[in-house]
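One chain, chain A, appears in both complexes that follow, with chain B as partner in the first and chain C in the second.
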Partner chain A sequence: MFTIKNLSMIYDMDTDEKMYALKGLDVSLPDRGLIGIIGPSGSGKSTLMYCLSTLKKPTDGSVCYNGTELTTITDAEREQLRRREFGFVFQKHYLVPYMSAFDNVMVAAVNNDAETQEKAKKFLAALGLGDREIGKRPAKLSGGQCQRAAIARAMINDPKVIFADEPTASLDHENAFNVMRILKEYSVDRLVLVVTHDRSILGDADRIIEMWDGEISRDGGTL
Partner chain B sequence: MKSNLSAWNYVKNNKRSAATMISALALSFAVIYIVHVLLMTSVEGFKPMLLEFPKKVGFFSISEKTLEKSKVKGAEDGDTKEKMQVLLETLRAKEGVKDITWAQVLQAQLQAVIGMWSEEFPLYTSTEEIERYLNHTGAKLVKGRLPEAPGEVVISSMVLKNRKMQIGDWFRKDAFGESFRIVGEVESDIMVSVGMPNHHYNCGSYYVILYDEATANLTLFFEEMGVELSASDTVYDLPAHREHFRDDCDLLIANIMNTISAVVMFFVAVAMLIAYVSFLRNRVNEYCLYASIGYRRWEVYGMMMREMFILFGLGFLIGVVLAIPSAILLKVAVLDPAGIVSVAWYPGMIAKLGSIMLLILGLLQIPVLVSLWKMKTIDQLED
Partner chain C sequence: MKPYSALYYVKENKGRSLLIAAMFFLTTLLLLGGNFIQSNYYYWEGIIDFTERVVEVEASVNDEEFRDYYATVEKLSNDPDLTVMLHSGYGEPSMDWTCTMGFTMGGYATRFNTAEDMREAFRIVGYHGNFSNLRNGSLVVSKAMANNKGLKIGDIVDEDKGLSGTYTLDGLIDEDTYAIFYVEEYPKEVLTRAHVLSETLSYSELMDRVMNACKGTQCKIQKSWRDDINGQFEPINLIFYLALILLSLVLAVSVNSVISGHYNKRMYEFGVYRAIGRTKRDIRRKVAAEIMITDAVSVVVGIGFVELLTFMLNELYYKPGGRYLPYWSEIGVVGLIISNICVLLPTILLRGRAMCKADVTEF
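On to the complex of A and B.
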């Protein structure tokens, strides 16, 4: 699905001391499966994920997604991809505070028909948010419930790829494993990329890419 | 691809802050409208006296000095008496002129919320002249009787109400003492009063001319007759009254109103700007989320604009709903009983306030566009 060649990302391009977030990465990612990208803070794992998801534009190199070169497409095409084919789970849930859990899911949907609304309710129910919870605002939900609503938001358009950046960072152990279980289920026929520095949550990963100082230090295998 | 960014979502889920903005706009609207209604009493109240009454009655006096130097047509070489005689004869012969009588005058006063207007009315020496005057002006005696003795006057209902006088009272006792007794009340759209002279007090003497609107330009008549009018002459005709109305009522009130509207709306605009900037700041994460999950800037802008239109639209509608009944209530409960002429319905003012609100909406585009321009994606927010 993704073919990445010689991917580099440099911060502070204009200064003498250039800071490499990514240094000439080469990697290919399949159409499905749960792939974990792990590494310490500053290793470039989040930058890699954001370059793949078109949120960041790399300084150099190529990111090919299903035959489309993502580094050269227009802003509109990038937005279209993010809207239709990619789903996002961020470190913080980023739910809109004044909307209910249900509305927070629907805000990302490309349709607003009855079928999509039913789907949103089904997703939320499957993620453990019942009829009572889906009408509540984020402030009335627990951290785990918010993150699960954020996962439902990411899945509402049936994206081909879900990008999850530290999705369990603000959760307790039990909730963290629940979230990972949901992502694992989704990865049966889709690609789920999980960026984390917590190895323990990647027990079910199909593949683990380890990063260190902007480079891939180990690719392949599971824990 | 349908945008699910609904403007109602914010309004219905943030009732308190939306209500604050809507009520600020609605109250500002209502307050300015009510102030407008109050100030306009100085225009509406004086309209009958200044624009309608002079279509039927005029006053003039030409000084000896003016007559001496003027070459009056038909009496170029005559003395001042002959010249005046020719002027009066020519005037009397004009179509539409019913009567010209030399008479003393009094002044009836009408108080508005701001300002007061004094208008002359004649003091005739005979009942026949008084009846002719009332017939000509369309005034009807509704209470009491017509003046029969020196010092008796009949006063327009509106003036009586406005100045809190009634039949049997002394007319303007503060100015004339116990000289003019009110013996009747006349109903008249143009605020007609009339009386009989008292030998001691009056507000001067003039030729009182009863005419119709077509003949109501005395200034033009005197100019055509060769009279060189100067400051020592008095001509209270329709153009003179219209000029007074334009300068002393219409323009003056319009200027005061524009100033008040500008000052109030300036503060409303500044308050809205500050409120809106903080409102946008509180929603930075939300906008970042939309940008990250693939919404285009114009879609986010569209949502912001729809939200603003809802807030301003409701502010405007509630403002109208609040202002009009309040103005009607003010008119019925306060102004009418006080004899102050007022109008509660000013569609022009509503349109003007609506335009000012649109202008404020335009001003709010600045923070909206700045926040759109600065809108980041979540990865940038977390960097």
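On to the complex of A and C.
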């Protein structure tokens, strides 16, 4: 699904000392499965995810998604891709505070029809958010419930890829494993990329890519 | 209601939206300010209207034995569409009035040679009131003017009120006009002015007839006061517009700083919208719609407030004193529009642009 060649990302381009977040990465990713990208802070794992998801443009190299070169597509094409084919789960849930859990899911939906609304309710229910919870605003929900609502938001358009950046960082152990279970289920026929520094949550990962100092230090293993 | 819609945001964030609306509400006060300044013009409207209903023809001092004048008057009198009333035109002192802004203004006065002439002229012009007691030495003013000067029927008006003669207030006109009218009889030989009126002709038609009759004579024609009065108000209006632009800029800066603080708190929300594929155009539209909805509400409420305040001021304060604050005015409306645009446009453009730059990866 993704073919990455010689991918580099340099921060502080204008200064004499260039800071490489990614140094000439080469990697290919399949179109299904749960893939963990692991590494310490500053290793470039989040930057890699941002480059793959078009949230950031790399300084150099190529990111090919299903035959489309993502580094050269237009802003409009990038937005369409993120809207229809990619889903995002962030470290913090980033739910909109004045919307209910249900509306937070619907805000990402491409369609706002009855069918999609039903689907959103089903997703939320499957994620353990019942009728009472889905009408509540994020402030009235627990951290785990918020993160599960954020996952429902990421899934509402049936994206081909879900990018999850430290999705369990603000959760307790039980909630963290619940979130990972949900992502694992989704990865049966789609690709889920999980960026984390917490090895323990990647027990079910199909593949783990380890990063160190902007480079891939190990690729292919599982825990 | 779609959760991404601007209306949803306003509905779910009434407190914040009210704060923004309160800022835009300030722009509607420019309507009140404009009306207040334009109120000066209001006092002249009745006078201008009178000068467009009644054209004045005057004999020239060079006109030997007033031959031209009498010939012209005869010509005009023979026109079936016209009514001609001769009068002396001797010193016609007007009375000052106190205007809405609190200072005094001078006005317009005219004379009729007989009470019958005055009644007929009032009928043609469309003034209503009880004019049955008019006689030589009568003074007639509007009810508004009488209130303004503290006069009532039967009052003797003389030098104390700024008049050169002594007159009795014998009639009150229902319509608001700040012109004053005298009945003062003089012998035929000194009636060197003529009021020319028409029940059927417009001002321009009336003027054409009078000008045709006066063509080639030494007679003078007094034209409408409209251009003169407008000319005098132009500098005042200009000062208002300059002050308005200055005030709008101050308002624009204040509103922008309040609104930018408010939107900065929502930066991550817009970052998420960008991440999930909302286009920059979508974001700009959302910001513009949110701001425009609050602006529209505040303008409607603001105009309602200004109109209510104007009504209360008029009924409780201005009208009893023979003064008036207009409910709307050209410069008030233009002022409101200019100031609203000055505040609204940069807010929409700057906030829309700022929110497009929201990047969820930087939080």
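Here is the rule we go by: the second predicted complex is superposed on the first by the 223 of 223 C-alpha atoms of A that agree within 3 Å, B and C clash if a C-alpha of one lies under 4 Å from a C-alpha of the other, contacts with A are read in each partner's own complex, and residues count from 1 in each chain.
In this text, a residue touches a chain if its C-beta (ideal position, glycine included) is under 8 Å from a C-beta of that chain, and two chains touch if they have at least 3 such contacts.
Everything numeric in this text was worked out from a predicted model, so none of it was measured.
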**OP:** Following the overlay on chain A, give me a clash-or-fit verdict for chain B and chain C.
**Re:** clash
**OP:** Go through the superposed model and pick first if A:E215 touches only chain B, second if only chain C, both, or neither.
**Re:** neither
Original post:
In the superposed arrangement, does A:D206 touch chain B (first), chain C (second), both or neither?
Top reply: neither
**OP:** Figure out whether A:R83 sits in contact with chain B (first) or chain C (second), or with both, or with neither.
**Re:** both
Original post:
So, does A:A108 touch the first partner chain B, the second partner chain C, both, or neither?
Top reply: both
**OP:** State whether A:D198 touches chain B only (first), chain C only (second), both chains, or neither.
**Re:** neither
Subject >> Steric overlap of chain C with chain B in the superposed model, located at which of 55-63, 199-207 or 235-243 >> reply: 55-63
**OP:** Once the two structures are superposed, pull the chain A residues common to the chain B and chain C interfaces.
**Re:** 46, 50, 55-56, 76, 79-84, 86, 88, 90, 94, 96-99, 103, 106-108, 112, 153
Original post:
What does chain A use to touch chain C in their complex?
Top reply: 46, 50, 55-56, 75-76, 79-84, 86, 88, 90, 92, 94, 96-99, 103-104, 106-108, 112, 153
**OP:** Please name which positions on chain B make contact with chain A in the complex.
**Re:** 1-2, 4-5, 9-10, 13-14, 285-286, 288-290, 292-296, 377-379, 382
**OP:** Sort out for me which residues of chain A touch chain B in the complex.
**Re:** 46, 50, 55-56, 76, 79-84, 86, 88, 90-91, 94, 96-99, 103, 106-112, 137, 153
Original post:
Which residues of chain C touch chain A in the complex?
Top reply: 2-4, 8-9, 12-13, 268-269, 271-273, 275-280, 359-361, 363
